[in-house]
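Okay, got some structures for you below.
What follows is a pair of complexes built around subunit A, which joins subunit B in one and subunit C in the other.
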Partner chain A sequence: MPVSTSSQGTPLWQRRTTRAQWLQYVAWLAGISLFLLCWKVISDNTMWVFVEDAGRQGSDLISRMMPPRWEYASVLWKPMWDTLNIATLGTALGIVMAFPVAFLAARNTTPHPLVRSLALTIIVSSRSINSLIWAMLLVTILGPGVLAGIIAIALRSIGFVGKLLYEAIEEIHPTPVEAISATGASRLQVMNYGVLPQIMPAFAGISVYRWDINIRESTVLGLVGAGGIGLQLNASINSLAWNQVSVIFVMIFATVLVSEWVSARVRHAII
Partner chain B sequence: MLTLTGVGKRYPTGDRALTDIELSLPKGQVMALIGPSGAGKSTLIRCVNRLVEPTQGSIRLENTELTKLSGSRLRHARRSMGMIFQEYALVDRLTVMENVLSGQLGYVGFWRSFLRRYPKEAVAEAFRLLERVGLPHAIDKRADALSGGQRQRVGIARALLQSPKLLLVDEPTASLDPKTSRQIMRLIRELCAERELAAIINIHDVALAKQFADRIVGLRAGEIVFDGQPSELTSEILTTIYGEEDWDTTPEPAEEKSEDAFQPTAYTAHAMPTMVAGGAL
Partner chain C sequence: MNTSADTLARQQAARQGHWRRLPLIDNPRVRWGLVLGGVVYLVLALASVEVNWARVAEGSGRALNFLGAFLQPDFVSRQNDIMAGLMESLTMTLTSTVIGVLLAIPVGLGAARNISPLPVYAVCRAIIAVSRTFQEIIIAILFVVMFGFGPFAGMLTLAFATIGFMAKLLAEDIEDLDWKQVEAVRATGASWWQTMNHAIQPQVMPRLIGLSMYRLDINFRESSVIGIVGAGGIGATLNTSLSRYEYGTSAAILLIIIAIVLMSEYASSHVRRWTQ
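Moving on, here comes the complex of A and B:
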């Protein structure tokens, strides 16, 4: 115990026991040693000849990107519009599917523990696969195009929205739920009156946040053929047209900036 | 009207919350349930509307055996038992009107309640009740915009919109100031008289219980240790319910005295005699 008695008989207090203190020192030592060891392994496996001219290579790349070929932007409006659509429709579809899953996964609203584990499995499998990988799979199944992108975004969003939403459901105040049950309300009515109003702010915040992430994710889906501006990005990189790549970067940057602003405004308005 | 026979509740952890409760409540009687924290007061009233499942015994409301009900029959029975809570248990993000109308949920179907299309008579009754509890101006406000006393009035209106025969009231005044507490207790009392409702009121404040109840039941460690008129509640009985304490002195003057001790000496010297005199009174 951190409380001990001094030789004069007055009680003393320390934050940790001597044993815990020593264990902590050892843990720090082990952690730092592991870090240094990893550092050494990485350094041994790096071909330093390539790294030595990294500065020259980098400045070379930037010089090829400059000046951006601004005329190229006229080709990009349509893919950019596709990208926004993939993100927005994908988010909407994901939310629609995540909403019931979250209610089945939350401990206090699930009808049965077995259903709960099923819902949690859906959430985990959706979360464990990146949207780019979902897109790769879907392009082979559905063929290239926007549809594969939308579904890829939706499938990835189920896990994200579902997880955050079921955590919000588990954190609600239980007394209003008790009060609504006491009126003789049915299960669905208890959800509608007791649970739903309490999670609405969290739900709105999560949805807008996911939309914001999906805008960024959908810009790269084209790399695997799932539509959107990533297709142009891939083509430009493959043909070494770096002055087009820079135009695409600027465009993506501007879009993400606007989406951040929009989502901040929406979240502020709803909550 | 309400009869509890041999009701017991043992939680899965093994704690015995209630043992062999025998209680019978006639129509229109307001009963106060007193007892120390953890004596099982909340468990008792929650057993009646089955928010907590009693593990033994029988509970009858008029001719219905409540402990055997399930599904829609239980929901049907719950309509006739209005409940009022300590922390009001309103849904904060809904309006006052929506909160009151949620008292009708046992009577309307899901889609009607989802679309907020309640029967005209229910809405008219909700208006009347809000008028009766003194909140006609607050109908469109959100529940979290109200003060504690106002929220409790909304909670009362919600319970009454169920057209209950029985009110289960759990510490209605524990979060309220003394004046509002009296107003709320008086309101519950009047409404019970107007509508011939029986009520079980869990309450910590013995003075309020004596003032507003027809009958007092004392609970200690899950067992009924007193059942009688408010006038029969003596210091000895309070000791059997709550344990040893000096029941005849009010604690307030002593507290004020100790606060005064921190003030400048001149002021204390002036204030002390009056405080002592006040304490003696």
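Moving on, here comes the complex of A and C:
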């Protein structure tokens, strides 16, 4: 804490040195100017007439959504089942692919540093691309349908599960591994008896957590044609049937709440 | 009793050289029930998945084209569209994170059970639940209807999603902070503002900064998809290039997204190390 002396000779306390204080002012100035600049770009690209109209549009939207057309729900059971399947099968497929990738990416189990960087690249590219973009790509390749959704969810899950799992592998206790290798076990046996039992709880927790996220994501995959309740959502929005849209929203809300509760319970039971 | 008998039997078997490892789930009934349920579900689910194999075979040529495009990404021919989309995405990311974090702080304070009264707590938790349940893209659809096409609707969407994310984590952080410091500051006769400023804020600030950086990252990734429903950003460009089968441009956009996410991840890990 810098202390200077005033003209009367009494010490003056300050929180920062003059230099640090100035640096802080400059940083704030730079940050605020950057924000304002970005704001200007956005406001130049916005039709403010529409924004001024937003309140009226919003209330109009709500009045069209109410009351929800509840009988529409009977059409939604099959798409909801598809959505659950996309999330569950996609998660399962993703886990199966993420498992070896995580072992190759963890510093203590990887066979070679080059393999490790390759595995890390797979994890990063899977993580940076949203499942909706994966779905868009796969719909052009595989055609619209549930299969594209499942694979999109799986490809997105590799990165998430792989990253958390390889971090868990890097944090294991070395003693059991040493003990197993001291018995003359092969590399695979060390993995099987030394590493695997230690990461199993973390692995189960991560998988259930990703499943919960995937339920949320699979509800919208239909917007680009990859099956599930999103298809009905898209159709209802395109035909301006907002009272059906509100039914779909209620269903999504309920499903997500239930899946979140299940996932929280399972993770609680494991940990 | 059952478990100890089981343990004895295992030890007996181990002495004779038949060692089995401990199962993950202790109760055999639950274990086999889960396996059975899993198999039944798998059969039912796989039976209901319809696959048009002819269409898949037809599309595999396109998959090869796409992989080829990744080896030769085309950054040049749609340069202006890509730059405009990227500019919108980046500006949307920054403004939405700033606005979202600023709005998330009061909501987060309200959603922490130890410093807020019950009615405020209930309202703030409800805001968090709504913001977290719905995907960004669904919110974007509603906001595009309300505010018109363009980055403004996208920015509001991302800001709204940021509120739920940040407020929840901030509230959890406040709920398990060190209460002694709060008591010490209160004992000096500090007002509510002073307590917040001198007892709570210093404890949660490092994590708040780290989370904001993380959210900046997420917002950029999300800003690349909400363009699909007309909320501005690089997603619109990507969608157009895919539906025109210009795979070179799509590959270029995807590579740019990956590169920016990598850079921001690297930067945010530095910032987090610096704040802690």
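Just so it is clear, the second predicted complex is superposed on the first by the 222 of 271 C-alpha atoms of A that agree within 3 Å, B and C clash if a C-alpha of one lies under 4 Å from a C-alpha of the other, contacts with A are read in each partner's own complex, and residues count from 1 in each chain.
Please note the rule applied: contacts are C-beta pairs under 8 Å (C-beta built on N, C-alpha and C of every residue); 3 or more make two chains touch, one makes a residue touch a chain.
These numbers come from a predicted model, not from an experiment.
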A:185 in the overlay: touching subunit B, subunit C, both, or neither? Say first, second, both or neither.
first
Of the partners subunit B and subunit C, which touch A:108 in the superposed model: first, second, both, neither?
neither
Quick check for you: in the superposed arrangement, does A:175 touch first (subunit B), second (subunit C), both or neither?
first
Applying the document's definition of touch, where does A:200 land relative to subunit B and subunit C: first, second, both, or neither?
both
Of subunit B and subunit C, the partner touching more residues of subunit A is C
Using the superposition on chain A described above, determine whether A:24 touches subunit B (first), subunit C (second), both, or neither.
neither
Subunit A positions touched by subunit B in one structure and by subunit C in the second
193, 197, 200-201
Within the complex, subunit C is touched by subunit A residues 34-35, 37-39, 41-43, 45-47, 49-51, 53-54, 57-58, 61, 81-82, 85, 88-89, 124-125, 127-130, 132-133, 136-137, 140-143, 145-147, 150, 193, 197, 200-201, 204, 216-217, 219-220, 223-224, 233, 237, 249, 252-253, 256-257
Applying the document's contact rule, which stretches of subunit C touch subunit A when the two form their complex?
21-22, 24, 41, 45-46, 48-52, 55-56, 58-60, 62-63, 66, 87-88, 90-92, 94-95, 98, 129, 133-135, 137-138, 141-142, 145-152, 155, 221-222, 224-225, 228-229, 232, 235, 238-239, 242-243, 245, 250, 254, 257-258, 261-262, 265
Quick check on the complex: what are the subunit A residues that touch subunit B?
175-176, 178-186, 188-189, 192-194, 197-198, 200-201
Listed in rising order, subunit B residues that touch subunit A in their complex are 49, 51, 72, 75-79, 81-83, 85, 87, 89-94, 98, 102-107, 110, 113-114, 155, 158, 162, 168
